[in-house]
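Look for chain A in each of the two complexes below; its partner is chain B in the first and chain C in the second.
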Partner chain A sequence: MSADVMIRPGTRVVPDGARRRKRRDPGRVLRLYVPLGMYLVFTLVPFYWMLVFALRPAGSTDPVPWPITFEHFETVWNDIGYAVFFKNSVIVGVWSLLVTTVIAVMGGYALSRYRFRGRGLFMVVLLCTQFIPGAMMLIPLFSIFKSLGLINSLAGLVVADTVFNLPLSIILMSGFISAVPFTVEEAAMVDGCTRFRGFLAIVLPQLRPGLIAVGSFAFIHTWNNFLFALMFVSKQDSFTIPVGLSYTIGEYSADFEALAAGGVVAALPVVCVFAVVQRYLVHGISAGAVKG
Partner chain B sequence: MKMKVAWAALAVLAVTATGCGSDSGSGEGSGKTTITFWDNNGGARTPIYQELIKRFEAANPSIHVEYVGVPIASVQQKYDTAIAGGDTPDVGGVTTSYLANLTGQQALEPADEWLAKSSVNGKLATSMLDSVRKTVPDGKLYLVPGTSNMDVVWYLKDKLQQAPDTWDEFFTHADELTKKPDEYGYTIRGGAGSIFQILAEMYSYSGVTEFFDASGRSTVNDPKNVEFLTKMAGLYKKDTPEADVTNDFPKMVAAFGTGKIAMMHHNLGSYNDHVKAHGKDKIGAFALPTGPGGKRTIVANPVDGFAVFKSSEHKDAAWKFVEFLVSHDSNSYWNQQTGQIPANTEAQGDSWVQGLEHLKTAVDTLNDPNTQVVSPPYYLPQFSSITKADTEPLFQKVLLGQMKPQEFLDTLAQKLTDAQAEWKKATGG
Partner chain C sequence: MTTMRRRAVPYLLISPTVALIAAFLVYPIASVAYYSLQHRNLTRPWADGFAGLDNFRQMLFEDEVFWHSLGFTAKWVVAEIGLQLILGLGLALIVNESFIGRGLARSLVFSPWAVSGVLTTGIWILLYTPSTGVLRFLGQPEAAVLGNPDTVFPAVVVTELWRGVPFFAILLLAGLQGIPGELYEAAAVDGAGRIRRFLHVTLPHLRDAIVLATLLRGVWEFNNVDLLYTLTGGGPAQVTTTLPLYVAQRAVDSKDFGYGSALTMAGFVILLFCSILYLRLSRFGEER
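After this line comes the complex of A and B, so read on.
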């Protein structure tokens, strides 16, 4: 164990030998690993199937993708236009992540540190916004965006997605900020920091799991959003990945190979983001969920 | 250093985001008229339209066409949102399935006057023009037909040597070609889109030629239709895969693509998928078998075409584009690429139509004097919801033996009868 790993108070330290014995316990294998393994297989089969369709030649029915072909990836990237859709998705996803995170930190800080009239009600209203489906807001949002000149622009998508990401993000972030004792900030202010400087120096560094949880939530939600990407954009070169995916199923025909290859391209960034941030995400969401 | 990199990345993002900002109308600065065209089935058809737009712009240098491909599954929602938000295209791909919905919102411009003065006047299939006019209460031409489709039964030639002519022969073949555990004579569409297919089969079997009788009652629960549905539901699990109960068309086409199913009812549109899976020579198609007295009855498929939107600021340029799309060369090119029936009668006579067996079968069937065409009530605003959300789950119950065919068809008939009465009342009919 490296010296810089912090052991949380209350954590039970199990000796290495006991841990090894525990791993070999056949009852534990049956109770834990067999169900987990079965669940893993159940979860991964659709992904495997997607890879099979994406990598095997058209017309093949082999359950193993051999010989491997990348022609379907070429189709989606060049013919269907994923090269452009992917770029647009990255721009919208990253901007939405940044704007959502910054506003969520500000909103979360206010909710956590200030006591004002209607604070509880405001939290409830934030929560209630999560129950309104995006489709219901489509026409009012369309009219507002049109009058603001945000239709047919990626900036419009960033605004729409950010607005829908914010309520949950603010609630989560206020939980994270509440977990940082205010007395530490007060100490910084006593030492001469302004409130903002104190926040930057003391609170922000401790919010890393929260920032990652909120940021990845915003990115993944935006990346997968089909409805806004189609409804607020009527320009071929401004569509995003989910719209491109739906192109592969036509009225009378479906290109399953292209759909699978497109699915792989669409899933890859989300899987990568998740792989990198998952340890923060699990800790982050649970921490943010219980403190308020 | 890290901060510098972060700021640089942010700057790049900002530049790219603003670069993809609101459209100022390409070509406007050069004195060109820009019109927007929404393809109602974006994706596979995109390269076909891009080629046609290239040809159109070469012939009309003062007009620029901006193409937008809308995924078929969301096209109605996209149009509804655009109409409500006042941001419709100049020209849109529209089918008779949702034409009544668009005209009900006063979104489209009638094309009768334009067509009367056009070079394509008299060169578009009368049956398709009639079908479009019947869809709307005022009988005007809000949609200029570009193509139509027809239901056929696709089959694998190595399994079925002789296409059946009657429904009795069809049921016999379905049984004979089933070789358990994993080869089936037929596949039923039990999921999304099931009702239109079963309607086409029932009317083809019964030979009933009208959806409503003189008193306005639906003919869907005609005793011959009930008899057919009982026979067809009897095939489920006996001569078809068990998974058919959730079959939508992609699943059905994919199952047929495995080569384990001998016959599949769909339409001409899936031709390219079958060729991709089996090769051109192994695929055959026959029109739905004949009914009583050897008469063939077909249920008209939706007509697909182009509409000029009322809010267009460039209606003349928009019409010019529509006229170009349904002209002989363009219409022939489009339909040859998609494998569908051209609306332009000159294109129908082109050699490629005769060279494709399934298309020749379709055109011959449509032009056969013995063929009777039943027009579904696409004009009913509730037609889509009745034949989808309201009754598709009930059809699944019929397949699973949880509902009697008679009960199912009575329910469907009552819904259609009520919708027809409501529509007649609303239109003063």
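After this line comes the complex of A and C, so read on.
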């Protein structure tokens, strides 16, 4: 069992030889595809059911949405006000994404590249924030935002969401930055680049997966945040999608078509973003976890 | 001068984070402690004032909802974490194998993670409502699952599993990818079967990932308010009210900030105590 006879498959858990052998293994179907299929049904039936309601004509009870109609989307978009909610959610989501990413790159760079006094404490504080419940911060944050005039403003939501996105984003980002070898940066500095120029020219381009992972993470969280938006915003023209949706659940509980169409509007952006960035996210968590 | 400036760089880089955390996390926590000793209700400003331990006395000795919410919170967290661990580990092991269409399969099974608690409620209301839901295709009697105290618990647990399992699986998948393939080769050479490889290679290496995932998810499920707030509102008859949901109801609905802060303090203490106990008992991060 010496190291030199072993294949080095990198981080892949199943080496090529074992894979070829497993293809012919009939137990693989039972072990792999049957549970996967069952889980896919559990995951996808709810999505499908929402689409059925959103797309079929009112009053229909068919389990297949045919003929397809977009009238429910017109209702929620124009009459219930999802056009406004959507716009608000995009504004808050994009701002929070930008602010979170920039600050996370700064903090992540400090954690990854510098050994400074208080670094350990900073890490502990970041980890501790994960234990702070958003619901429990509603009361004090409301008072603070009220005195800052941030109630009923989208800026207040950007601030609150950024604060809660930041700690995990910094930890993730420091993992990504550590994966970029420091020697390349050093070489640039020897060639006369300032540290900042070197960072922009050398590190930032290689940081793309990290920027995508952290940015999308921040966007999805902000897009989905309900409690802050519910508590800090009471004017309907500042509602975000989750608040709008919660009122659709409450007020139109008989109108399942509107609920479903609103749900599709709420789901579409995040599910699309997630489908694209899912692999970066898994990678990012491993990178962050490896660094500790 | 230059060395001093160089030393200041990391502090400058973390200063925005420190400022934001201090202003919007640390200061608020301190103010919760302060409010919890006050009578403070936005709907009754004339009765505001120093309360001493009155809020805590009321909470501990007069408030049945508080005690009931503690019991339900425990039941909710244990059920969610136990089931999410089993399903999430299974799912992570499956999508860690290589097969055709793995990328697509991962995107699909992980996708509910990206969905908000409110949207999860919206979707599952469509499934659960007697006249329109899918349960009628399973021969389920035409009963309101969410309105019945006997069926509401499994119904909310399954709903949260739909959204919660994916992230558990993502965390564990990240852990699985950190296990060197050589270990499996070596175990196979030594004649270990699939089950023994799982027990002796996979599980020990996943230990820290599992502890961290259960802890993180445990805290999240403890704090999970969006889903229960919109799906059941804590009902029927408060049977699905968790402690944070009770805080949110007090804060959002009745604007009772003083009493809500006392409840919040109770939540902090319980969460902190349970987390430390869990980390101790699981001996997280210790060399074995």
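Please note the rule applied: the second predicted complex is superposed on the first by the 256 of 292 C-alpha atoms of A that agree within 3 Å, B and C clash if a C-alpha of one lies under 4 Å from a C-alpha of the other, contacts with A are read in each partner's own complex, and residues count from 1 in each chain.
Assume a residue touches a chain if its C-beta (ideal position, glycine included) is under 8 Å from a C-beta of that chain, and two chains touch if they have at least 3 such contacts.
Since the model is a prediction, treat every value here as computed from it, not as a measurement.
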Return fit or clash for chain B versus chain C, each positioned on chain A through the superposition. clash
Tell me which of chain B and chain C touches more residues of chain A. C
Please work out whether A:123 is in contact with chain B alone, chain C alone, both, or neither, and reply first, second, both or neither. neither
By the touch definition at the top of the document, which applies to A:138: first (chain B), second (chain C), both, or neither? both
Thinking of the overlay built on chain A, is A:262 touched by chain B (first), by chain C (second), by both, or by neither? second
Which partner does A:249 reach: the first (chain B), the second (chain C), both, or neither? both
Touch check for A:150: first (chain B), second (chain C), both, or neither? first
Quick one: is A:193 in contact with chain B, with chain C, with both, or with neither? Answer first, second, both or neither. neither
Look at A:204 in the shared chain and tell me whether it touches chain B only, chain C only, both, or neither; answer first, second, both or neither. neither
Tell me which partner A:230 touches in the superposition: chain B (first), chain C (second), both or neither. both
So in the superposed three-chain picture, is A:179 touching just chain B, just chain C, both, or none of them (first/second/both/neither)? neither
Offending stretch of chain B which, after superposing on A, collides with chain C (from 242-250, 278-286, 368-376 or 404-412): 242-250
Under the contact rule defined above, give the chain A residues that sit at the interface with chain B and also at the interface with chain C. 61, 135, 138-139, 142-143, 230-231, 246, 248-249, 253, 256
So in the complex, the part of chain C that touches chain A is made up of which residues? 7, 9-11, 13-14, 16-18, 20-21, 23-25, 27-29, 31-32, 35, 87, 90-91, 94-99, 103, 105-119, 121-127, 129, 132, 134, 137, 162, 170-171, 173-182, 184-186, 188-190, 209, 212, 216, 219, 222-223, 225-226, 229-230, 244-245, 247-248, 251-252, 257, 260-261, 264, 267-268, 271-272, 275
Which positions of chain B touch chain A when the two form their complex? 10, 13, 16-18, 20-23, 36, 38, 41-47, 66-74, 77-78, 81-82, 84-87, 89, 149, 249-250, 253-254, 257-259, 266-270, 272-273, 276-278
State the interface residues of chain A toward chain C in the complex, per the touch definition above. 1, 3, 6-15, 18-19, 22, 32-33, 35-36, 39-40, 42-47, 49-50, 53, 61, 63, 103, 106-107, 109-111, 113-114, 116, 118-119, 122, 125, 129-144, 159-160, 162-163, 166-167, 170, 195, 220, 223-227, 230-231, 242, 245-246, 248-249, 253, 256, 259-260, 262-263, 266-267, 270-271, 273-275, 278-279, 281-283, 285-286, 289-290
In their shared complex, chain B is touched by residues of chain A numbered 58-59, 61, 79-80, 87-88, 91, 94-95, 98, 135, 138-139, 142-143, 146, 149-156, 158, 230-231, 234-238, 243, 246-256
